[in-house]
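These notes concern the structure reproduced below.
Chain lettering (A, B, C, D, E and F) follows the sequence in which the chains are written, and residue indices restart at 1 in each chain.
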Amino acid sequence: MNLLHEDIGYFDLTTIGLGIGACAGKMVFSAKSKIVVSGIDEVVKILKECDLKYTLFKQDGDDVTQNEIILECEGFASSLHKAWKISQNLLEYMSGIATYTHLLVTLAKDINPHIVISTTRKNFPSAKELMLKAVMAGGGVPHRLGTYDSILVFKQHLIFLGDKAKIQERFAVLKHKFLEKKITVEVDNFEDAYYFASIGADMLQCEKMDIKTLSSCVALKKEFPNLLISSTGGVNESNIQNFVKIGVDFIVTSAPYHAKPVDIRVDMSVIE
Amino acid sequence: MNLLHEDIGYFDLTTIGLGIGACAGKMVFSAKSKIVVSGIDEVVKILKECDLKYTLFKQDGDDVTQNEIILECEGFASSLHKAWKISQNLLEYMSGIATYTHLLVTLAKDINPHIVISTTRKNFPSAKELMLKAVMAGGGVPHRLGTYDSILVFKQHLIFLGDKAKIQERFAVLKHKFLEKKITVEVDNFEDAYYFASIGADMLQCEKMDIKTLSSCVALKKEFPNLLISSTGGVNESNIQNFVKIGVDFIVTSAPYHAKPVDIRVDMSVIE
Amino acid sequence: MNLLHEDIGYFDLTTIGLGIGACAGKMVFSAKSKIVVSGIDEVVKILKECDLKYTLFKQDGDDVTQNEIILECEGFASSLHKAWKISQNLLEYMSGIATYTHLLVTLAKDINPHIVISTTRKNFPSAKELMLKAVMAGGGVPHRLGTYDSILVFKQHLIFLGDKAKIQERFAVLKHKFLEKKITVEVDNFEDAYYFASIGADMLQCEKMDIKTLSSCVALKKEFPNLLISSTGGVNESNIQNFVKIGVDFIVTSAPYHAKPVDIRVDMSVIE
Amino acid sequence: MNLLHEDIGYFDLTTIGLGIGACAGKMVFSAKSKIVVSGIDEVVKILKECDLKYTLFKQDGDDVTQNEIILECEGFASSLHKAWKISQNLLEYMSGIATYTHLLVTLAKDINPHIVISTTRKNFPSAKELMLKAVMAGGGVPHRLGTYDSILVFKQHLIFLGDKAKIQERFAVLKHKFLEKKITVEVDNFEDAYYFASIGADMLQCEKMDIKTLSSCVALKKEFPNLLISSTGGVNESNIQNFVKIGVDFIVTSAPYHAKPVDIRVDMSVIE
Amino acid sequence: MNLLHEDIGYFDLTTIGLGIGACAGKMVFSAKSKIVVSGIDEVVKILKECDLKYTLFKQDGDDVTQNEIILECEGFASSLHKAWKISQNLLEYMSGIATYTHLLVTLAKDINPHIVISTTRKNFPSAKELMLKAVMAGGGVPHRLGTYDSILVFKQHLIFLGDKAKIQERFAVLKHKFLEKKITVEVDNFEDAYYFASIGADMLQCEKMDIKTLSSCVALKKEFPNLLISSTGGVNESNIQNFVKIGVDFIVTSAPYHAKPVDIRVDMSVIE
Amino acid sequence: MNLLHEDIGYFDLTTIGLGIGACAGKMVFSAKSKIVVSGIDEVVKILKECDLKYTLFKQDGDDVTQNEIILECEGFASSLHKAWKISQNLLEYMSGIATYTHLLVTLAKDINPHIVISTTRKNFPSAKELMLKAVMAGGGVPHRLGTYDSILVFKQHLIFLGDKAKIQERFAVLKHKFLEKKITVEVDNFEDAYYFASIGADMLQCEKMDIKTLSSCVALKKEFPNLLISSTGGVNESNIQNFVKIGVDFIVTSAPYHAKPVDIRVDMSVIE
């Protein structure tokens, strides 16, 4: 997907029709509110593609205060108008994700400075790369990119195995075959959590558990000292501290993907 | 962008490691709440790509009640696990957009049954096609796809033209050259609105105007009977009726793009 | 489609076999006859891809007199031979389209300086972007890019609607739903023309009408002052003035797409 | 390049707006005049992509008489309208090339039944595959696809070699290195023709020679019995027989690429 | 990369020139020697693309004895000749990798049935997916797909950190940030091995160590019971058992990527 | 296929996790043994894509002695770590092919300085371009790229023609239709060789013949002075001289494609 082409297509009718393409101008991107910025690398690619000269004042992950300039560029009006909206969109959406991720990270670290905020593979289809880069700019990490980089056992896998004997046998094979990976199992009750901890799961992904059940799962870490516990499902800025307080090792969430875009101001001016 | 590849990559390690790929199974997608569904066509492509047999119970734009089945499919467990999450993501995100668009449309039509809800080109980069299809499933229409299909004059164009004489001359050229298009101008005050209506703008896009100014702009329709007025900026479900009441012809909004995904239940079962 | 790869593939056997790749040379493109040039931007991309230094003497849309230089470039013989034919092809085909479009525009404007020459979506498959850029260089505009950017009702749509009552109802819905677009209907007789003008068509595309019928359609503009009339089908340099004289607002044609390529001279020389 | 996407993009606004997509219909393609048809395989791909059932009455290269049916298809009106214009375009442009190639072949074979009509690499950029398939449907062959499949020495190569001694030495290397290829040299005078025949060229491409010079080149075949002679430059239906009469082995031409598209009738009807 | 296009391009000149395309035929793929087969899924895609009917007798990872049939297909001679060589290539190269991987696995498991054979990211550029699928068919697993799915610390990282204090601090951050991943360090001496084991490495990748040093590293597993030890560099079928005997947990190797292709017989016959 | 993306994907977790990306460094590629280098152009593309400054000491096809530097580059550690492995892979695999091709060429030319080493279309699927460039760097040439650039008649074609009369007729058509190509036939016995030489084959590809049969085929060159003879099947460095001694014109082989990669040392250092 060429992002510039998605927005501009074959031509910019308005700029052509007004006959202003050959004028020289400047375009300045700044933040309308305090944000954690993301999307800089992608915008730089757009600016290069449009033959615009640019100056960066910020890098991905930087704090930007209200009205602070993020980057500026110069060139033909035809180039500025090509680059404008897709660059603004990249910064608004990606900074929105970065800023919200950073909010979750900050809230969570107030309770436990070692907590990790990890985002799921439930990104908007086609937008995985952009969304994950924004998450990392905000201080989060990818939980798993997809089925190719990690092992995560769901109930939807187990139904094809049948009884516990079969599960245990196949789980052992899985764990052994992919010994370079940590093995995660999604569980939604204590019994399953205990079972998978006991047969060697490295990590339990506790799905939409109530506080009490989740606490019991966290307590398993005493019996299984290498076990890591995460909480997933329904986490957001208003409840994240509750989960962290229980003592989970990390939080798995899709919430940053739906964060509201931030507002980026774009000022254009003529260069005489 | 191949959406299946984005999620699955080279292989599904968990399914391979558990050795369940050759089992036969069934997968059913249903709505956890009342929604307007979207994403069916895209899911069908995924199911075909995974060699799954499927039955559709709904089409894009259909209402789905809580727990109602949207579609179901059958085939190898390896195929079901490949198709699962990306299909669920497509339905959740796209139905989220469709459902929210439909909410805006319903609220607006309660006031004015002829109102049109139109969405901007400020989609998530790389997701324009999916987002616009979802908007249309919800009863909205695309405002403009990009710079190639429509004329929209911004202040950022006008600064390159200078004085009013020059603007008027070039505006006439633009309007004439692209006589098959309606010419829109974005304005944020009454003076500009009047000016562009008087030199022949077909549509005014009233950007973040207060109610009083917007009302004055709508009143221009008396003097300029073919003029269409839209309101844009900051529209959402809590304020849309206020804008409609003023008498605008259509609403331009990006809000549906950030709608929260709906919850889609996925039930998998073994076929013996 | 990478245009350079289409022509060069993996390598240039002749240049390799003769062992001349490392020599330095210069390549000059000039016009063998008076033309309106197009393809400059595409050639520049090729030259950059081949690491050639270049100087442009013309821009898309410029007049070039016989023997006048359009652009020149320097670099390794291997690069010159890579860039040569595809660059020549781009200039010859695109300037052919631009020059012919310009001829039509000139002929038409001799009769009516406000006439617009608009080209159809019947371009050579895969060549839409290049063909439309050439049309614009010659002073034409795109009639419609495809089905996604404009509304054009054909008989082939109407047959699925049945009687006039149904047509009228659905036409109203169409017009209202896409209120940001002008609605065009293709008609081939006066009765249909009158009918669609009366139910609100913004533009009539008069398909292969005789002069008398077309004149009657143009006369509808008195009754429907906002109505725009175009003529389409069989327009070329020998008959275009006849259509313009009748008073149509614009001409819709595919003729420029089949224009004969112009001849571009390519002189190569050694840099000692 | 996805040809369907080039024409349809994200959606077909007219069909959606009129609400006719779910109707069933039939579409029939027939020839408005006698043609040699081409583009069938490409149209079949489009029809499949649109989920249309089809019947073929002709294959690429077949003669089609006036009003004869080429193919027909059935399905949803939404699918018919998606497939319509791009299919028509493919058939019109490709059959135009095939028909014109066939005319050249027929004219030439009237004089010499062994003559070969070969088309250059000067196709419209991005359309090489479609244009060459059409040429082959009309009885022609590709002269060379590009620089990767054949050896063709131009003056623009020789200038980098300098004197005759150097040319002779490098020509021998070239011929030896690529011994699996026939070596062609483009010449525009008899002296060069004789020279390259004498140092072992397999084929001479005689560029825009007058009849007398070309005859002298053909006469070289007596002294060099394996030598093949072609004529190139400015060949068309009105002069091709003159070149063939001289006794060349084959004709190299770009003329079919600019052939006028043929007219294909498309009839659509409702299936009740 | 479309594999069929890479081999066939625009057309198959020989089949066209001989005029045999419309004949019906059958093509049978069998093994010339005992192999572990791979490439079946890729061949099936080719056969479908060529509209050939096929029957599979084997799946990826199956043993095939000498002369045993792997798959057969039927259709037009033009389709058989299109599909032939690329299908044969896929089976020969991928089965070559699978068979060699299987040899390594068998040799290693003779010594330690729990050993894992893992292949590096040093595949032939552009062939990662095909090579890794073949490795898995032979019983191996991917060590890491690239930099995006796993953590592997090289000396080339550490030089940018400076002294041990800095390394220890940053290593802790790395380990914590990516707590869902096992952290591997490549070491080539015991001192480094001990150091990284002591600061929490999950796995040590022992690069080209002599037997004695490698044994000392394996002995670290007593002090660090969760530590996994792998051997990498220069492993092949003649020495793999030596490494396994020392007690490493897994072997990391690129050797299967350069395995000689196996011979696949292709028999074609006419269907009358 | 973007080669950098294949190796790096969305990000380099290790470099990010260690926080070293912004350090400045230098990376030097040198040969661990005497090689013929290939892959330089592809590595240059990678280095540019990673914004690294580079200096080249060698070009494709150059000899590199042990420890000699091939190229070096400087930039951010994040860029060096992105470019590292894929660049090393390109140089190792492509130089492996070039070095082995060069060995075959050298051995063969010791016997006959005019011999040509030509490589088949049986490359690793998806790697044709890289493999062929490496072959050419080593002094070989491509035998045929695929079915689109050359004529090669196999038994698998002939079975569809039937008796000799039919073969002879169609062979004549083939030869005539593609008169710009040399026509090759693969044969595995003298009788067929004689037959095809007598009906006008330009080249015979002698498949896995014993020395005596091959010698008889070479002897055909006396009767058919333009006939070229190649040997194919099972050629490698230990037997190539035997084939050359017989007097074949060229050797057709796939052996270089499976050549073992050479070892390239990569030294990274900090720039203070």
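Criterion: contacts are C-beta pairs under 8 Å (C-beta built on N, C-alpha and C of every residue); 3 or more make two chains touch, one makes a residue touch a chain.
For clarity, every value in this text was computed on a predicted model and none was experimentally measured.
**Student:** Looking at C-D and D-F, which one has the bigger number of contacting C-beta pairs?
**Tutor:** Comparing C-D with D-F, the pair joined by more C-beta contacts is C-D.
**Student:** Using mean CA coordinates as chain centres, what's the gap between chain A and chain E in Å?
**Tutor:** 31
**Student:** What's the distance between the Cα centroids of chain A and chain D, rounded to whole Å?
**Tutor:** So the centroids are 51 Å from each other.
**Student:** Approximately how many whole Å separate the CA-defined centres of chain B and chain E?
**Tutor:** Distance between chain centres: 44 Å.
**Student:** Counting only residues that touch at least two other chains, what does the list for chain A look like?
**Tutor:** Within chain A, residues 9-11, 128, 145, 148-150, 177-178, 181 contact more than one other chain.
**Student:** Determine which chains touch and list them pairwise.
**Tutor:** Result of the pairwise touch check is A-B, A-C, A-E, A-F, B-C, B-D, B-E, C-D, C-F, D-E, D-F, E-F.
**Student:** Provide the residue numbers of chain E that touch chain B in the complex, in ascending order.
**Tutor:** Result: residues 128-129, 132-133, 136, 142, 145 of chain E touch chain B.
**Student:** Which stretch or stretches of chain E touch chain D in the complex?
**Tutor:** Per the touch definition, chain E meets chain D at residues 9-11, 16.
**Student:** For chain D, which residues count as touching chain C in their complex?
**Tutor:** 1, 3, 6-15, 17-20, 23, 25, 42, 77, 80-82, 84-86, 88-90, 92-93, 121-128, 130, 145-154, 156-157, 159-161, 170-171, 173-174, 177-178, 181, 258, 260-261, 266, 268-270
**Student:** Applying the document's contact rule, which stretches of chain B touch chain C when the two form their complex?
**Tutor:** Contacts found on chain B: 114, 116, 118, 141, 143-145, 148-150, 176-182, 184, 203, 226, 228, 249-250.
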